Each structure stands twice: as structure tokens, then as C-alpha cells.
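There are two complexes below, and they share chain A, which is joined by chain B in the first and by chain C in the second.
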Partner chain A sequence: MLAYIGKRLVIMLPTLLLIMAVGFFIMQLPAQDYVSQYVARQGQMGNTTAMLQEELLRQQLGLDKPPIERFFYWFFDFLRGDWGTSFVDSRPVTTIILERLPATLAISSLAFLVSWGVGIPLGVYSATHQYKTGDVALTTLAFIGIGLPDFLVAMFFLVAAFLASGQVLLGLNSPEFVNAPWTLARILDFFSYAWLSVTAVAFTGMALIMRVTRNNMLEELGKPYVLTLRAKGLPERVVIWKHVFRNALHPLVTMFGQVLAFLINGFAITSAVLNLPTIQSVYLSATFQQDIFLAGAILILIAVTVMVGNLISDVMLAWLDPRVRYD
Partner chain B sequence: MRLMTGRGSALASAIVGISLLATTVAMAQTYSEAPALADAVKAGSLPPVEQRISDNPLVLTPVESVGTYGGTIRDITKANLDWSKIILQVEPFARWERDLNGVRPNVAESWEWNDAYTELTLNFRKGIKWSDGVPLTADDFMFFWNDVVLDDSVPVSFPAGTVINGEPPKVEKIDEDTIKFTFAGPNPLFMELSSRAYYNSAQWLIPSHYMKQFLPKYNPDMKDTSEFDKRYTMDTRIQYTDMPTLAGWMVTSFTPGQRLTAERNPYYWKVDTEGHQLPYIDGFDTTVVTDDAVSQAVLLNSIAGKLDFQSREFNLADVSLLMENQEKGNYTVKLWDRGDFAWPWMMPMYDYKDEGIRDLFYTPEFRRALSVAMDRDKYNNVAAFGLAKPRQFALSPLSPELQTEEGKAFYDKWVNSYIEYDPEQAKAWLDQIGVVDKDGDGWRDRPDGSRLQMIVDMMPGDKQTADIMDLMKEDWDAVGIETLLNQADWGTLSDRQKAGEVMMRAWGSAAGWGLLSAPTVWAPVENAEWTMGGMSIALNYQSGGKEGEPARPGSALEKLQQAYSKAVQALDPNDRNAALLEAYQIHLDEGPLTIGTVGEDPTPVVVSNRLRNVPSVGLIGSWDMGFPATADPEQFYFAE
Partner chain C sequence: MSVETTPLISVEGLVTEFRTEGGLVRAVNGIDFTIPRGGTLAVLGESGCGKSVTGLSLLNLIRPPGAIAGGRITYYGMEGGKPVEITSLPPTSEAMRKLRGSEIGMIFQEPMTSFDPLYTVGEQIIETLMAHKRGLSRAAARAQAIEMLAKVRLPSPEILVDRYPHQLSGGMRQRVMIAMALSCGPKLLIAEEPTTALDVTTESQILDLLQNLQQELGMAVMFITHDLAVASEMADEVVVMYLGYVVERGPVEDVLNNPSHPYTQALLESVPRLDADSKERLRTIEGMVPTPDQMPRGCPFHTRCRHFMPGICDTALPPLYAAGPDHEARCVLVAPDFAKEPA
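Take a look at the complex of A and B:
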């Protein structure tokens, strides 16, 4: 098992290198770069002589060197922990990411806990009560959840909450708490905002988990061993949870591979429309503005979480099911 | 010598007398200050108010009444902080008048031109101080000029409007408070142009005692000028809370993407007519919002009564909702002008690589046919909720040269030319010039029988433009012109425009004012994406014929370039206005040369019912005119 994990970790390195290279060169593809966007902006403000500064600015930002050379500078600086400086707000990329990491993890792990914590039991309930009123109601709800993108659900909740309470739940804190220490008052204030994004994201996540659980459960419930167990006189609770549910877990564990990446990069559009101070919203704007170091660093972060997540889910699957082989 | 104390040279006005009177009244008084500052003086942490403000403070006449101190304005800005910048960073040499009728002294107390308008002597307000108490002197500007502009290792080149005939100006220090510019040729509009928004002279005024530490020349620890650049560029200057400012409020905290706060500058150098040091308002509490959330944020927070002063980010579609909820949110909606002459305007590119298309563009009947084929009332009702005005391409009626009787009469003719919806007339004109369906496929062809398609490019993300373009396509299709719409980003369009590969561009909200703001929208004279006519034709003019391609001889475009040359050389404001009207006459006679759709959209400004002294007119479309700073937020105040 350890050898297996070791092998997987070794394979990750070239994969990561490939992702970095492809990501970096995709970011070079647009005809314009950050400096030409900057100069165009200056020109629109009447500062047409900014064009004269274009080359000097490129030199200062290192954008005048050939892409290959820049890639290697970036790559080795990255390994040394120097992730570069954001062109747009001229602060170190690490600062920006670390500043946004807590809020990102808080919202996404809450969303994850709610969608899995609620989705699984509801899925089991749905399966064991197939075609009963409860199941039909839950299925309807799940279809709505799967059908609507989470940002739309978020907008709906936003307006509904506003009409009901007059609160504008954009962001994750009232303005007066933004720079404040984490007192009880701030935590309560945080939850008074966070519930909206968490529910919106969890609603669609939950719908998916519910459907997957229900399908697997139904598949398992139809198998002969369930009949045997019941014939044996085992209590229904034991049949469902100890036997059927365990066997229905496989696809969920496979899905778990994406959870880590979700924690960093789920619900990007929801982040943007709800003004959440998360990594996702900054990733979106950095990409649009060709803020390459910031966008590049987040891309790598996502890539790493995807790979690690997949590794964890593979290991878990192997541990759960001895039939899965290590190769 | 021409002495200007109260007004800009171009636009002298009768208010001179009033403001001089106000100055005298204030001089006779002692000054008073905000309670918090008085406490600090008592505690000994701040010098008394008389020592803090300049020897001759600027007296602001309140819009309604003298106010009282206190309160924090709550507002919202996008992530690039543009709304905050235009409130907190507009302290240029001169500020525009609230009615935009010329400029008034600001950081510069007075200025004098020689008769040829080549030499400008500019006097900084004596005793004016940065927010840390260090005086602003001529040395600050000389530092900017010698160590920043003239130093090739700093990526800041000659500021806009200083280079004349390709020659940079000479800048000298006369005494502690006086500098002198010597331009290479007449530069009569320099004060007006340099007073636009936060990115002209407001940007050039930097505290040398603070900025020196970021230049390698003065500080060997600096390896390049990037730390300097971040503080110089207006993109990021506002983030540096330790950087001294001349503005009414200093930024005290900034959390990117979340919140910005500002509080009063104790050294602010403006007083009201009773000698109260301004600003009245203690500070700002600004929420920073992503571009995607901002229109929801301003709308909902207005209705919830959580905003005191806000404009810019509202959707036109939300105006009626905003109006309905005025009582609930305890605010009043003031409709300021957006100042845009068109949203969008259609720019045929006379340098398009296809000669056949160029021939058509140079044919007045073809452009007129396109123009009258457009049902502008429908565009207005569908895309702008009936709030805009159907109009031809014509500059803003607030432009100074359109303010005279003659100018107003001319404007009426111009703005209404060829806007009557008349598809039959359009077809007749097209038939007349031989643009008829020759191959029987249902679409009109070029006079030589080859295929004709109008391809219109635009940027994504501008709903009003996209909506109107969809409707316009129907209208042009209906008269037999096959129309294709295409969306592309700025960079792609820019490259294609430079290469003559854009046939026609629909440009979003645009404001242009005679010679003061983007003259290239009415004459192809600047090599910028927003030039009329086409970039290479403008480049040809700008480079003196060395680059690009010339406008066709005798064409309206060539006449416009000549008329522009004449207007910029006019020294007397009346001559200048006359020259501009002559130039616009070319648009009227041969036009439309670029085609207008609808424009003059109003901009809702949400003002808390507690907030006073906010003028009911303003122009907020182009940043150039500096609103809302031009409305003097320093004299806004909260009623009890």
C-alpha cells in the first residue's frame, strides 16, 4: 500500500509539471497581455502617452522575455515559494491566497458537510421508500437542485431573504466587521451571512449526492443477498446501514476525489455574484485581467488538490474494497 | 499678460464676482474645525487650525447651505475602486465648475498665460499642506518633473497634453510656490485638460518627501522603481494608506475586495463661507464588491436604506424600482446626466481593407440609408426603457461650444438629422446608388454585383449595445442589407482595428466634448480605438502623414482633420467655438459620418434624505469631468 502511494506521488510530479506548462502557455495565448490592457486603460483616461511606457513596464514585470524563459523563471521561483506578485493589486500572490483561504475553506467545507451530511441520509430514505410520497417529494427537489445552477439558486435566496428581512446578504460580513477581530458578535454576524451561500451551494450538491445514493441503494437492494439477510431475520436497520449502504458507497468514494478541489474551486460564479471574499472570485477576475502569476498559482493549487483528492479516494476505495488492486 | 484668478481662460463667467466676494468674507474670519480635531488640538497632538490650513484657503460656496460636522457616508465601489477614486483623489490644479462652465482654482491658486498661450505661470496655494502637515511646494512638482518624467528609468513619460508638435515642455521653478511651463506651441486648453478627473494633474501632484524613498536614485535599497510605480499609478495609489494626500479624506484602511474606510484630512485647505474647515463629513465606509455582484448590491442596499450616496452601478432597468422605494429606503433619486452622446454609436471604418466597402462608406446616401433604416424609438423603448433619447451622432449638448444661441440652434439640427425612421426612403437611396439585389438571393449586393454584408463588431458584456444591435440587425435586414453581428474582446478588436479588419464597430456608452474630452470621436486625429473614421486614418494625421493611410482627398474626413487643426490653434474662446461649429457643420452637411442610435441616458444618483448639498445636476458618464468630486463632496453634510 505504501509503495502504491509512493508510486502515485512520484507520478504526480510530471503531471504537475505538465499542468504548469500547459496552464502557463494557455495564459500567453491571447494577443494582448497585462501591459497592453493597462496601456489601453490609461489611453481611455486620456493618458495616451502611456504607450511610450509600454516597453519599460514589460521590462519591469519581466514580460519582455521570451515565454520559455519566463516559464522557467516562474517555475523555479514557484518551487522556492516565491509565487510572484499580482499585477493588478501589486501584492504578493501568496498574501492574496492566504488572505482568502480561511473564508474559502469555511464556506466550502460547510457546504460540503451539509450537502453530504444531508444528501446521504435523504438518498437512503428515498431509496428505501421508493415511489412513496416522501421519495417523490425528495426526487422533485433533487431535480430542481440538479437542474438549476447554484448561482441562480443563490440569487433567488438573496432576493427572497431581502424581501423577508430587508437584509442584503452579499459578502460574508457586515461592513463594520470586515477588519474586526473574531469576537462572538463577528462569528454570529458571519453565520447570518454565510448561511445563504452555504445553503445555495449545498442545495445543488445535496441534490446530486441524494440521487447518486438513491440509485446505488436501489441497485444493491435488488440483489439476492439482501433477500437472504432479511430472510435471516436481521433487523431492517442493520440490513440497510451495515450491508446495503456499505456496498452502495463506491461511487460516493470516487466522487470524494473531487471534494478537495471543490473546497478551493467550487462555486466560482456563486462567489462572484454573492461577492464572497473567496479564492474563486479572485481566480475569475485574475484570469480575465491576465494577471498571470495570480491565476497561475491558483491553477496549480487546484491541480494539486485534484490530484491529492484522487489519490485519497483511490486509497480509500482500495481500503474499503479488497477487490481493488494496487496497480 | 492675461491674469486669470477666478476662471479658466477658455470659459470666463460671471460668477467671478461672487467667488471673489466670498473669499473676502472668509478672510475676515477666524477658522473653526470639526469637534474631533478641536479635541486633538487641545490634547496637543495637532497644531491649531490656523496653522494647518493654507494662508489663503479655498472658499467653497455650499450648494444649499452651510452645514454641520459629522457622519460617515456609506457607499459601494467595484473592485477597481473607481467610485472611491473619483471621490477621494480628485485634487487637480483646477477643478471643473459644478455646471461645467470652465474650471476654477483648486491646488493652483491662480495662473497666468502669455498672449501666445505658450507660457503658463502657475501659483500653488501658499501654505497648502499634505495630509501629514508637510507643505506642498514647487519642489514637489519639480521632483515629479525631473526625477520621474525626465528620468528614463522610471516608466512615466510626458503627461497628456504637455507635448505640443512632438516637443515636450520646459518646466522651471520660479519661487517656492510658483512653476512655469513653456510649451513648444500654443496650448490654450492645458488648464482645462489637466483638470480632468483623477488621472491628470491630480496624479502629477505627488509628495516628494514621501515618494523619494521608493526611487533607487534616493534609496539604494530599492532595486527598481516598481514600489514607486505602484504609488504613482492611480490604479493602486489609493491602497497606500501611508501616502500623504491633498484630498478631503485620507484612506485609513483597505481590505482588498471587501472594504475601504477614509477619514477627514486635518490639513485640508478648503473652508466654507463662514470659515468652517471642510470637509463636513467625518469619513467614508465603502464596501468593495465584485463586478458581477455590484448592480445587485447597489440596488438592494439602496432600498434597504444602507447607502448614503451612490451612482454609476445601477442598471437602467432598475430605475423604476429605485424610484418606487424612495420612501422606504429614505433616499431621493437624482437623475444626473450620463453625458453620453450615444450608447452605442456605429463607427464605419473608412480604412477597412475591402475597397468596395470603403466606396460605400464614402457614399453619403449609403450611410443615410443605414441611418434612416433604424427605428430608434423602438431601440429606446426596448433597450433603454424609454429613458434615453433617440439621436444622431452629435456631441453632448453641454459642450461649451454648443451653449451659445448659435450653438444650440446648430445642435438641434445636428442631433435630429436623418433619425426619422423611414425604411422606404432607405430603400430608395440604396436603389439610387446601385445597391440592389442583383443575384436574386433576397439580399442587396454591391454596385458591381458582388456580395454585400455589413459586419458589426462589439464588445461582450454591454447589454444595452447588444439589445440595440439585435434590433438594428432586424431593421437593416428588412431593407435588404445582410447584417452580421460579432462579439470580441478588447484586445482582439484592437488588433483587428489596427489591421483594418473591422468593418463597423458598435461602441458602447461614449462621451466626447469638443476639444476637452476625446476630440477624436468627431474627427480622425488620434490613433486610438475610439477614433471615428478608422485608426490608420487617424494615425496618418497624428504622424504628419508618415504612417497609416490618408483620408480620401476632398472627403469629409479630410475636411474634419483640417477643421480640427484650425480649432486647436484658436487662442480666443470665441474663435475656438466658431471653428468647432464649422467642423461640426461637416458632419451635418455630409453626414452622418458615424451613426448615432440612442443616447443621453440618465444616471440615477441615490442620495440619502439626510445628506445635503448634493447638486441636482451633474454629469457622470465620462470620468473626465470629475463628478462627483466636481460637485464638491467636501461640502456635503448630514442634517441632524
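Take a look at the complex of A and C:
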């Protein structure tokens, strides 16, 4: 097993290299770069002198050099831990990411815990009560959750919260707390905002997990071994949880490979819509503004979390299924 | 009735139905039979005739959209001799669960898919033992599981106990299946096509094993099969089923040597024979088994019968007529007064 994990880790390195290269060059593809966007914006605001500084600006930011040269500078700096500086707010990329990491992880891990923690038991209930009232109600709910994107659900909640209390729950804190230290009051304030995004994201996530769990449970329940278990006189609880559920976990574990990436970069549009101070909203704006070092660093972070997540899910599969383990 | 004179299990007028989109389908249509203690009954028929559903009905394992809709199944094997009416127990009840596996065991056709692939075969025997024997420790259950594996003549049972199903061959898996079904000492074993998925040499080994174990443990066996050779080798009595009806029943030599129902006759003729002239074509039964939602009127077999008599066979369901001592067939050709009528 250890050898297997080691092998997988080694394979990750060329994969990561490839992602960095492809990602970097895709960011060079648009005809405009950060500077031309900046100059155009300044021009719109009546600042015509910016046009004269265009080349100088490009030199300062190093954007005048050929892409291949810049890639290698960026690449080796990256390995040394220097992830570059954001063009937009002139701060190190690492600072920006670290600053946004706690809020991102708080929202996404809460959403993850709720969607999986609620979705799985409801999916099992739905499957074991197929076509009964409870299942029909849950299935209806799940279709709504799958059909509506989470940012739309978030906007419904936003409007509902405004109509109910007159509060506009954008962001993750009231204005007076945004730069305050993390006291109990700020934490309470955080939750009074965070419930909205967490519930919206968790609702759609839960709907998906519930459907996947239900479908797999139903598929497993139809298999011949279930009849054997019942014919042996095992209590139904044991049949369901010890046997059927464990067999039905397979696709959920595969999905679990995406969870790490979700924690960093799930619900990007919801983040933008609700103006959440998370990594994904800065990733979106950095991509639009061609703030390439910031966008590139986040891209690599996502790539690493996807690869590590898949490795974890493969290890979990081997633990779960002896047929994988003994191959 | 004293214990000695009662059968082990009796089935009277059993009706098992399934609710489908095309309406209610009767998979089992009022069948009767008994199995004596230690005896062997073969239930014979093509696929779709209701023999598997009959087996599952005995364990009360018919689940929605199916249900036992009528009749009575009575089990007389309980300690103390008190009869238990299986059909009056709810399928999900604790009393029914306790009967399954401990009083009535069952083995299935497909030894590959009949095990949970995620647990060792030992664990699957151990959990059976622990579900039925109060206060049995894990270690003791494991020792008993190894003992059972030895009893079904598996080599090095103490190693096999920790193997997963996919690591065993089909024949070994079926032996484990038998060990598991017999681990709690049931008095009745329902064997549903236990050798159909195996090759011929393995099949005869498994059949020998079952016969030896039956003698050793004194249990009764209900053998569900489509294979006449298997039925004649294993059974004392045979029940031939067609479309949910019993069409013929009797002692196995009688029925197979002297079949009275055209369906049984046709089944026997469609068995390939080694000594037959190779140019002679194998006889098959005309047509297909009608789907249960197109149940023919009258005799269920009349649509495929060589002796079909319009106006007689397609009007009323014939009763079971005596065809010999303890031998009955559901066909007007066997009716005592039939020969007198002009055909």
C-alpha cells in the first residue's frame, strides 16, 4: 500500500508540471493583458496619460518579455516559495490567499459537513422507504436542489432574509466587524451571515449526495447477496448498514476525491454573488483581470487538492473493497 | 398429532402475487405439498414457473410489490413441537427473522453474487451464528465457522475462513454457502438450483456433499431445480410446476418413469440422451412459457400441449387426478372417466 501511495505521489509531479505549463500559457492567450485592460479602464475614466506609460508599466511588471521566459521565471520562483505579487493590489499572492483561507474553509467545510452528514442518512432512508410518502417528499426536495444552482438558492435566501428582517446578508460580517478581532461577538455575527451561504451551498450539495446514495442503495438492495443476508435471518438493520450501505459507498468515495478541491474552490459563483471574502471570489476576479500570478497560484492549489483528493479516495476504496486491495 | 406423524412443513393452497404495471400477477397459484422430516422434495419446472417464488415464500421473504396473498404454510419443526404458522407472521417480524437461517436455511443458485463481496466468508458465517445464538462469543463463533468449513470438506478451513468470496472458485463458494446455511443447524434446507452455475464435475461433488450432509444431520431438503437428472438423484418426492400450478406430483421414480402429465412427458423428452442416435433431433416443447400476465384459460399448459383438445382444455382448470399410488396429475387424460368419453 505504501509503495502504491509513493508511486502515485511520484506520478503527481509531472501532472502538476503539465497543469502549471498549460494553465500559464492559457492565461497568455487573450490578446489583451493586464496592462492593456488597466490602460483602457484609465482611459475610460479620462486619464489619457496612462496610455503613454503603457510600455513602462509592462516593463515594470515584466510583461514585455516573451511568455516562455516569463514561465520559467514564474516556475522557479514558485518552487522557491515566491508565488509572485498581485498586479491589482500589489500584495504577495501568498498573503492574499492565506488571508482568505479561514473564511473559505469555514464556509466550505460547514457546507460539506451538512450536505454529506444530512444527505447520506436521508438517501438511505429514501432508498429503504422507496415510493413511500417520505421518499416521495425527499425526492421532490432533491430535484429542486439539483435543479436550482446554489447561487440562485442563495439569492432567494437573501431576498427572504431582507423581507423578514430588513438585513442585507452580503459578505460574512457586519461592516463594523470586518476588521475587528475574532471575539465571541464577531463569531456570532459571522454565523448570522454564514448560515445563508452554508445553507444554500449545503442544500444543493445535499440533494446530490442524497440522490447518489439513494440510487446506489437501491441498486445494491436488488443484488442477490441481500437475499442471502435476509435468508440467513440477519436483522434488517445489519443488512442495511453493515452490508448494503458499505457496498453503496463506492461512488460516494469516488466523489469524496473532489471534496478537497471543493473546500478550496466550491461555489465560486455563490461567493461572487454574496460577495464572500473567499478564495474563489478572488480567483474569479483575478482571472477576469488577468492578474496572472494570483490566478495561477490558485489554479495550482486547486490542481493539488484535486490530485491529493483523488489519491485519498483511492486509498479509501482499497480500504473499503478487498477486490481493489488484492489486485 | 404427535411429532412423528406430522410433516416438517406443510403448504396448503399457497398463493403468491406480484403487483406489476400490467396488473396483479400470480406467480404461485394455490399449491399444496408437505415435506416430511429428513425427506427430500424436488420442485421441478422451467424458469418462470414459480418454483423460486415458492422457496422464498417458505421463508416469508416475498417483498413488495409481491406478497403472499393466500394459503397457509405451517412449520412443525420447533423445539417442543408447537406448530408455527409462517403465513401469519409479518415478513419483517422478529419471530420470522429468528426462523430464517436457524430453522430453515437456504442456498442459492449463484455462489458468486450471493455473498457480500466486502467481507470475508468467515465473517459472513460468524454473523449468521451470532444473529441466532445468544451469548455466543466471537471467538467461539469463529471456531464453529471453521468447523463448518471443514464439514463441507473444504481444505485448510482455518485459512479459508479469512478469504474473501472473490478469492474462491465457484465450487468452493458453493461449499461455503452450504456451510453458512447449515451453520445454525436448520431442519429444512431450501436449495435453489445450487449446481446450475457450476461445471458438471463440481456439480456432482456438491450433490454428493449435500446427500452426505443430509444423512449426517438428518435435515429435510427442498430441492428447486429444472434438471430432471438432479431431481431423480436427490429426491424422494417430486412436484412438477407449470405457471404457478402443480401439474404433477408423486414419488420420484414413479413420476420420472411413468409421467402422466403431457408437460412432464415433454420435459423428459427434451433431455439429451447420450445413447440416442445423433441424427435424431432433440424434441423441444413447442412455444414459450406464457408470461404470467397472459395466463391461459383452463389448463395452463394447453397452449403448448401436444394433446390439446379445444373445448375441454381451454375451458376449465382440471383438478389433480390420481395417476397411481401417491401419484397425481392435473390433466383430463388421467381422469378415470375420461377414456369412456369419445375423444
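The definition used in the following text is that the second predicted complex is superposed on the first by the 324 of 327 C-alpha atoms of A that agree within 3 Å, B and C clash if a C-alpha of one lies under 4 Å from a C-alpha of the other, contacts with A are read in each partner's own complex, and residues count from 1 in each chain.
Keep this in mind: a residue touches a chain if its C-beta (ideal position, glycine included) is under 8 Å from a C-beta of that chain, and two chains touch if they have at least 3 such contacts.
All of these numbers come straight from a predicted model, not from anything done at the bench.
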After lining both complexes up on chain A, report clash or fit for chain B versus chain C.
fit
Would you sort A:Q37 into first (chain B), second (chain C), both or neither based on which partner it touches?
first
Taking the superposition on A as described, I'd like to know which of chain B and chain C A:L113 touches: first, second, both or neither.
neither
Angle, in degrees and to the nearest 10, that opens at chain A between the C-alpha centres of chain B and chain C:
150
So, does A:T228 touch the first partner chain B, the second partner chain C, both, or neither?
second
State whether A:I11 touches chain B only (first), chain C only (second), both chains, or neither.
neither
Chain B or chain C: which reaches more residues on chain A?
B
Is A:E236 touching the first partner chain B, the second partner chain C, both, or neither of them?
second
Quick one: is A:I144 in contact with chain B, with chain C, with both, or with neither? Answer first, second, both or neither.
neither
For the superposed arrangement, tell me the lowest C-alpha distance between chain B and chain C in Å.
49
Footprint of chain A on chain B - complex, ascending
74, 79, 152, 155-161, 163, 193, 196-197, 199-200, 224-226, 229-230, 235-236, 239, 253, 255-259, 285, 287, 289-293, 296-297, 300-301, 303-304, 306, 489-492, 494-495, 517-518, 526, 528-530, 623-624
Give every residue of chain A touching chain B within the complex, in rising order.
30-32, 36-38, 40-50, 52-53, 56-57, 60, 88-91, 96, 99-100, 155, 158-159, 162, 166-168, 170-171, 173, 175-176, 178-179, 269, 271-275, 277, 281-282, 285
Chain C-touching residues of chain A, taken from the complex the two chains share:
223-225, 227-236, 238, 242-243, 246-247, 320-323, 326
Residue numbers on chain C that touch chain A, as the complex places them:
56, 59, 61, 92, 97-102, 105-106, 108, 110, 113-120, 127-128, 131-132, 164, 166-167, 177, 180-181, 184
